[in-house]
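Multiple structures are listed underneath, in structure tokens.
First chain A sits with chain B, and in the next complex the same chain sits with chain C.
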Partner chain A sequence: MRIIQQEEKMTVHNLYIFDRNGNCLYYNEWNRKKQAGISKEEEYKLMYGMLFSIRSFVSKMSPLDMKDGFLSFQTSKYRLHYYETPTGLKFVMNTDLSVSNARETLQHIYSNLYVEYIVKNPVCVLGNTLDSELFSSRLDAFIRALPYYSPRAA
Partner chain B sequence: MADEALFEFLHMEIVSHVYKEQQSGKGEMDNKDRAVCVSVLEGMGFRVGQGLIERLTRDSPSFKDELDIMKFICKDFWTKVFRRQIDNLRTNHQGTYVLQDNKFALLTQLSSGKQYLEQAPKYLAFSCGMVRGALSNIGLDSVVTAEVSVMPSCKFQVVVQKL
Partner chain C sequence: MVIFSVYVVNKAGGLIYQYDNYVPRAEAEKTFSYPLDLVLKHHDEKVVVSFGQRDGIRVGHAVLSINGVDVMGKNTAEGKDILEYLKDATNYPVSIRFGRARLSSNEKLMLASMFHSLFAIGSQLSPEVGSSGIEMLETDVFKLHCFQTLTGIKFIVLADPRQSGIDALLRKIYEIYSDFALKNPFYSLEMPIRCELFDQNLKSSLEVAEKAGNFGAGS
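This part shows the complex of A and B:
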């Protein structure tokens, strides 16, 4: 009984992709039970602003020399994972608490999906929102195939 | 062969550059401008195809007939350039050939259906020229065109010109 309940909780809630200037290039949600109550534009600005502040805070207050910087935060209900590429692209994913480290997942999304279907797509202009259907469908399939994704999250 | 991404990125930039050059100054591109871009790209591909075929056939025996040449294009040439073979070759045995590639290398990152379909021809012009150039150096004068209906599958039509 308990095992089934645990699996039902495992899920990915949503994903944001920002460019180095703070523009939200892509957003999608899979299992979001509650909205933020503000417009999408405000939500993206809020997310980006928060990340900017928290990264700066984390590096200032670090009692040791920093390596990767801010990686994730958690609440009693969800965990937010953060991955920044050397080129300034920021990937933000909210999952449930069973996922402790999504860095590899986000790295995979960057190198195998973003680079393949956006950077290598002659029609996609870097800096524009990601309109390629090929990219969204591959990303969707990838998320749904994750070992920690369950479509019926509690 | 070097990393294929090098050629793919260069090709993307070549196409973008040719279209930007043609458009500079004017606001909209009309059909005449588009035709000029396509023929510039096709001309570049022609010269590349001519050079490539010299390199690829230097160790091969000479070809028996036209069909043999087309099979070489579908197998050896396509493999060397696009890392796969043509999936389907059809002919009317009177000089017209249709080469079908179901996963054409320069279209796979664009879309897997109908999105961006109207932009696809821009990325086929160079390759048409390559095929025409390759055939021309083997001794076949031809007209090569391409059509796409569902990406990344596309068909190249070769019509051999009789003297």
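This part shows the complex of A and C:
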């Protein structure tokens, strides 16, 4: 019984990818229990706005000069991980509390999935939403293969 | 292993108390000759470096003093516009001190209210049911911890990322608040806290937390 409870705790809830203008290029969810109560478009804008404000807040509040900037935040129930590429592409992943550092995961998603299947794809126009089947399926397989991912019983 | 500052925000989002325990100021003073090889620009009533990072002077650093005299916003102490002053070759060689701009109290008020809203949005966008707002925010240089009481007061502590025992410290600050601010008959609720005993006890509990954090045995 206790083992099942332990597994239930480790999971990835959802993932957003934003471009540098704030457009949501990709969104997928794996284990989301609660919707935000607003339409998806509004949710993307709210998420992007929140992250933009957090970055501005952090750059002003910081007592020292920062190199990587904002990394993650946590609440009582989930943890949001953030990774921004030098080109302004933003990867946002919500996981449960047991995942302390997903930065490498997000870097892997960028360099091994986004760059490989979107940037190097001559059909994909950068700036449009990511509708590459191959990208979605590889990303899904990658997330499910993560050591901290476990599907919860419905 | 330090605690940088403490903020207390009331339930409307207004800052009611702020204390800077440790403010590291990395400043660089250099003598320049005409023409200046840094690109400066106006930003928020200050003159900041926008290009030309070198020698400890980073992009985003503000002009703090010219020839040893502190500047006043966009103007020198005499009231001349800084950018105009630096365009004039006769004023050179000039010694300028750059560093991270100190936050004015207005800016701190704005940032506290900003965090109050971000705290609520963190709860709204939660993929899990029954989530609180942002309790801990991490960057590579500091960690921000927030404790919201049942009455809506937020105690916010900015500390070194490796500092431990902040949860206990937040509860202790709440205790100090209820003992020396709430029980003070001259203190009105939700108003700025101006109670000497609150300040004293807060300072000593910060010292205790910093020492305990160094041993790594904090909760």
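As a working rule, the second predicted complex is superposed on the first by the 148 of 154 C-alpha atoms of A that agree within 3 Å, B and C clash if a C-alpha of one lies under 4 Å from a C-alpha of the other, contacts with A are read in each partner's own complex, and residues count from 1 in each chain.
FYI, a contact is a pair of C-beta atoms (placed from the backbone, for glycine too) under 8 Å apart; a residue touches a chain by one contact, two chains touch by 3 or more.
Note that the coordinates shown come from a computational prediction; the quantities given were computed from them, not determined experimentally.
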{"item": "Combined model on chain A: chain C and chain B, fit or clash", "value": "fit"}
{"item": "Touched partner set for A:G127, first chain B, second chain C, both or neither", "value": "neither"}
{"item": "Inter-chain angle, chain B to chain C through the CA centre of chain A, in degrees rounded to a multiple of 10", "value": "130"}
{"item": "Touched partner set for A:G88, first chain B, second chain C, both or neither", "value": "neither"}
{"item": "Touched partner set for A:Y117, first chain B, second chain C, both or neither", "value": "first"}
{"item": "Touched chain A residues, chain B compared with chain C", "value": "C"}
{"item": "Which superposed partner A:S137 touches (first chain B, second chain C, both, neither)", "value": "first"}
{"item": "Closest Cα approach, chain C to chain B, once both complexes are overlaid on chain A (Å)", "value": "31"}
{"item": "Chain A-facing residues of chain B, complex", "value": "5, 8-9, 11-12, 15-16, 109-113, 115-116, 119, 122-123"}
{"item": "Residues of chain A that touch chain B when the two form their complex", "value": "116-117, 120-123, 132-134, 137"}
{"item": "Contact footprint of chain C on chain A as seen in their complex", "value": "13-14, 29, 31-34, 36-37, 43, 46-47, 50, 53-54, 57-78, 80, 94, 96"}
{"item": "In the complex, chain C residues that touch chain A", "value": "4-5, 22-24, 26, 58, 60, 100, 103, 107, 111, 114-115, 117-118, 121-142, 144, 158"}
